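Each of the next two complexes has chain A plus one more chain, namely chain B in the first and chain C in the second.
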Partner chain A sequence: MTDECAPLDNVLRPGAPSGPSGVALSDRRFVGQINLRGRGEAVTAVGAALGYALPVEANTTVGSGVSRACWLGPDEWLLICEDDQRAELKKRLDDALAGHAYAATDVTDSRAVLRIAGACARPVLAKGCPLDLSARSFGVGHVAQSLVGRAQAMILPIEGGGYDLFVARSFAGYLWTWLLDAGAEYGIRVQT
Partner chain B sequence: MLLIPCPYCGERTESEFRYGGEAHFRRPENHLEATDEAWADYLFMRKNPKGWHRERWMHIAGCKRWFYVVRHTVTHRISSVYKVGDPLPDLPS
Partner chain C sequence: MTQDFRLAKGGRIDREKPLRFLFDGHAYDGFAGDTLASALLANGIHLVARSFKYHRPRGIYGLGVEEPNALVETGIGAAIEPNARATTVELSDGLIANSQNRWPSLRFDLGAVADLASPLLSAGFYYKTFMGPGNAWKLYEWMIRRAAGVGRAPEQPDPDRYEHSFAHCDVLVVGAGPAGLAAALAAGRAGARVMLVDEQVEPGGQLLNTAYTINGRPATDWVADATAELDRMDEVRRLQRTLALGVYDHGYVACVERAVPVPEGRTRWRERMWHVRAKEIVVASGAIERPLIHDGNDRPGTMLASAARAYANRYGVAVGKRAVVFANNDDAYRTALDLADSGIEVAGILDLRHDLTGAMPALAREKGLRVLAGHAVVGTRGRTRLKAVEAAPVDDPSNRQIIECDLLAVSGGWNPALHLYAHAGGKASYDAALAAFVPGSSPERMTVAGSAAGEFALAHCLSGGARAGVEAAKRAGFSATQPALVLEAPEPNADTRVGPLSAPNRGGKRFIDLHNDVTEKDLRLAAQEGYRSVEHAKRYTTMGMGPDQGKTGNILGLNVLSDALGQAVPQVGTTTFRPPYHPVSFGALAGREVHDLFLPTRKTPMDSWHEENGALFEPVGQWRRAKAYPKPGESLHAAAEREVKAARESVGLFDASTLGKIDVRGPGAAQFLDRIYCNTFSTLKPGNARYGLMLGEDGMVKDDGVTARLGPDHFHLTTTTGGAASVYVWLEDWLQTEWLDLEVYLTSVTEQWAVATLSGPKARQVLGPLTDVDLSTAAFPFMAFREGRVANIPARIFRVSFSGDLSYEINVPARHGLALWQALMESGRPHGITPYGTEALHILRAEKGYIVVGHETDGTITPHDLGYGGMVSTKKDFLGRRSLGRAGMTGPDRKHLVGLLSKDPARVLPMGAQILERPTEARPAPMIGHVSSSYMSPTMKRGIAMALIKNGRERLGQTVYLPLLDGPTVAAEIVSPVFYDPENARRDG
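The block that comes next holds the complex of A and B.
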């Protein structure tokens, strides 16, 4: 995202507690996001274009690193990529899906992505999220849309522990301050 | 708090959902000739049973899909959930 006024600019203050910190918060500002709708043969065609099959099992994600497809619904996915690759990804989808009934929409600017990491990321998130966050049922390879502090969010577990929270950008400031409050007891390191 | 088994996502907490009221009531077929009573029935009258109820729910914070739930309005027990277009499951006896 290259906009002048990023959604967290008003609340993000880098810093660290003098003591130990169990939580690290950061703004993942540069994540490209494309919403994809389609069914049947369109799903197969996308798989060929991406080089991997779209996840059809509920609440799962396929891909590597930033580039991945997240299941949102039975005919809906969020494809994420490096910010500077989204135009290319969108074109690849449009080319692969010509003639199919589908919608590929660049929604990069609709959501902010907040990263909560560190040893205590899970207990902080659990304060405001009704999902079972135990590593057994919700780890890397899973993804879910749910509530965090009553805000709707897509929650993506990341390598090494922690989560990327995709939230409507108008909720980003609210969710950031909610996380600061929920994580205060563990010590929060805020990174840019 | 209900634990609702979304037919797409699995069991989720009630706060992720929106209630959509009674399911499967139909708009009058021949709308130009339908009586006022038929319109009023369609627009305003609902069963509101004390017992098993077929109702609509939407997983608004999750997959954002509408689906159907059979729920007991006294015990809140959910006997089945099904997708739009699925055959109607029987009500428990």
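The block that comes next holds the complex of A and C.
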């Protein structure tokens, strides 16, 4: 296999701000992502293959074992897993869905995943995301697609406070710069 | 300099923290807690500005955002802020402020000659200059442009940082006066998530300015308790120094927070714009006192009565040594009493009302103050500072007495601050007893409480606020379980009615709008000249159009208009309240969307290679794409020419990753594409690709691209770079809302695939060694698609061509894009492989006559216009089909895509140039078309162009004429748009 290039490989450079901080920023490089579309019995069939039912409530996420399903629309989910698990996951979906109408598409390379964590992750994100991010309405178990600055992103709250931001690969550099800028007020540290 | 007018005690300033500041170059002292205005007044400075039009000397007039006069410039160099209200500028150590609109100095201003010319500068002066005579406008314009504007903008970039934040709450309370605090407490106790925003440095509102008691203690004690309780609540966010600028739909409220000033000067951020989404809004924005109309009412030393008492109570400043209070209402007596309590001599209270029945005048008389009922100020004396007023009975205005004073505190009653209520669509009604507009029915999600609702008594503010808070919380889904707030605030039984708004006219200047120098006479003139609508009169006279937007004067103006027009005030109506409530800085609006963060720059997976190899980039939407790869010293033109030659003669490599890509899958996929494209896809065999034209419902070309059939129910659709997002949305729209009979699933894969396009006669030699795919023409013909490995990377290869030569578009997962590119460059080295950019791409495709959506189409071009009529299926229905059959979609009036060759082969016709049938035409000449694309073609060795010309295909061989902007009219011949390899031998070989 040839050299792989994660979206931020050319953005992350030594000399990025570091030190004590209220928020930590890191690049998750490759997160396995399979976009799944289907309706009716296909949805049930996927549930059996994954070991959990796909979430049907808007903007929620369910995960177990190697994968997590994020609701994107009434007939659309993003299944996420480790990068090296995605071929296996895709095969399991294709096997379970044989005979059904559906689309399971590997979109792993289409998005970067940036993680902001720490006590101030929420106010940093609130500088550019119009969603209500309070724990009352948006905590672990929720997921949403919205804007961060001028980039569209899927926002997934993580355990321990913070978010994984799934952003189109071409916007990753912009979002990285945006987060460093927004985090400056609280002290932002780059975790590698 | 000593603070001669600072009271010995009292006020909420910190006398332990002296601050030094400069005004017009002179050093003064103030205290922490002062505003620039209170500190200037403490030093006896009233004159701080010259008025906009007449350059009349003006003093500090108000207390906060309503200030019409005291506009100053703060800061120096890049940090200059023009038109800051001295009344809202927080004093900080080392603050530098300067007066504006004066030359050479504030006390001696040559611009004041305008005052002498004021008879010439009447209402509508500006409009009247348009009427002539002759060329006079040229002179007028020169003069007006020199005189227009207040303050000067800094010339350097803003050094400060401005932030934006989004916030959400159940109940937003605007204003932390008694009503707002009570509302926030009530809602907070009910468990609602509350935001309390207040423009002041500390909460309390009027309770900071006037000596009230609540539950038997000073009202400020209650403010402290309430604030402490709010701050203990987890779900309450309290923002001071935060102004609500506007209310928009769905509970969206824009607010701006100012940073706490720091002695070093620069704060981490200067302002923060809050985008608040509130389920419920309680408007407790208070009321703004208005003045009275009287002769000489702009003399420095004249001030709103409530401001005069606030300077005494809150800032410990005696605004004058000897005051006259001029009023038409009971509340102004508080000012007289508080001033007297502060040790300021009150020379008299002139009340326009004849019958004084309320408790307040009696109280004043008990305290030994001189109350003159039915009296008015009919003139003022002094130039840059008030020296005396002329008082006279309302019924006998010539019977004047001179009262010496250096402060005239004026009160014409209070106007509820209805701006936010009106932004939300609230319709105010006129309360004649208050001579004020008060809220009518409440807009959705909004409650108005306290004096903003016309409830001026403190007890009503508190109870009304608490009630509003409970109800707002309830509507947001929270019910109060705590006992209701019980607050006692006894007051003397004041008369709530106000008297006349105007003193007898003795022919002096009577200002309505102090900032814009609009007088009562101007308004009457406007009415006389036919400006009967308040909105017209406003624009004609400029009343209420200054930075203060008429916060103090507008109601007076309405009353004048009402009198002049013989209509009641409600019939005259108000002008429209529009956001922002108070001017907002450009910095706050822009936030961090500056410099690098102004717009995202989208980069392809191969972008770093382009950058390292000297690419010249161009923006294409948000993408940056390599336009060309000039060698050192090489021009763009020369680079593009070299790149085109390589792609024609050997091989070129192009980064096509930005193309829109949509995965289309499902049992209805083929039928779906048949409906989307004007040509047919259901007949396409798996493994093959076809060029498709997508039309809008109007039959016009919307997008184009190649779509390949990956399997029976599986397609890979491509769009133009610019159309990627809009086409995806358009397709989803049809599937989700119209074509529920089709089961088709779309997935955007634009960013999943990196695309490198090999193009040129040696493309096969370059790709061959890297792939396991059989590239022979027999095995892999033009418009076919194969899957395999390239450079050991799983790849999809499309044999399509946008250059007209042998070409392969190689798609690999984005993480391998750079590696693929490098492998192709390496493999192509022996063949002279040359990377080419978008400039060469455009030349290559234009040589071949291929269209670019947006160049050759502009939303009015059909497939037939392009000469692609043969693609349009007659056997099936598709989007746009019915429109194509309408009259006017065919015939000799349509423009056709044709080629255009300048008679002079060295000339490149400018894109966009208009085309005429004859070289000399009477103007306006009938234009028969325009140039849509034009380049110097390295292959044809001459200028080539594509053009859209009326009935062009019937004019092949004709000569047309292009009058160029830079001079000559150029002749060109209409030809076929395909200049290169019309037989497609090179493409298909």
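The rule is simple: the second predicted complex is superposed on the first by the 179 of 192 C-alpha atoms of A that agree within 3 Å, B and C clash if a C-alpha of one lies under 4 Å from a C-alpha of the other, contacts with A are read in each partner's own complex, and residues count from 1 in each chain.
Here, contacts are C-beta pairs under 8 Å (C-beta built on N, C-alpha and C of every residue); 3 or more make two chains touch, one makes a residue touch a chain.
The structure displayed is predicted, hence computed values, not measured ones.
In the superposition on chain A, A:Pro130 makes contact with both chain B and chain C. Contacts of A:Gly183 after superposition: neither chain B nor chain C is touched.
Of the two partner chains placed by the overlay, only chain C lies in contact with A:Phe171; chain B stays clear of it. Of the two partner chains placed around the shared chain by superposition, neither chain B nor chain C is touched by A:Pro55.
When the two complexes are overlaid on their common chain A, residue A:Ala6 makes contact with chain C while staying clear of chain B.
Looking at the shared chain after the overlay, A:Gly32 reaches neither chain B nor chain C. Looking at the shared chain after the overlay, A:Val107 reaches chain C, while chain B stays out of its contact range.
In the superposition on chain A, A:Ser146 contacts chain B only, with no contact to chain C.
Of the two partners chain B and chain C, it is C that touches the larger number of chain A residues. Residues common to the contacts of chain A with chain B and with chain C across the two structures: 130-131, 150. Within the complex formed with chain A, the chain B residues making contact are 8-10, 12-13, 15-16, 60-65.
Contact residues of chain C toward chain A in the complex are 163-168, 193, 268-269, 275, 277, 592-593, 596-597, 599-605, 607-608, 623, 663, 665-667, 713, 743, 745-753, 791-793, 813-820, 823. On the chain A side of its complex with chain C, the touching residues are 1-7, 10, 30, 35, 37-39, 75, 101-103, 105-111, 123, 126-132, 134, 136-137, 149-151, 168-171, 173-175, 177-178, 181-182, 185. For chain A in complex with chain B, the residues that touch the partner chain are 58-59, 72-74, 76, 130-131, 144-147, 150, 152.
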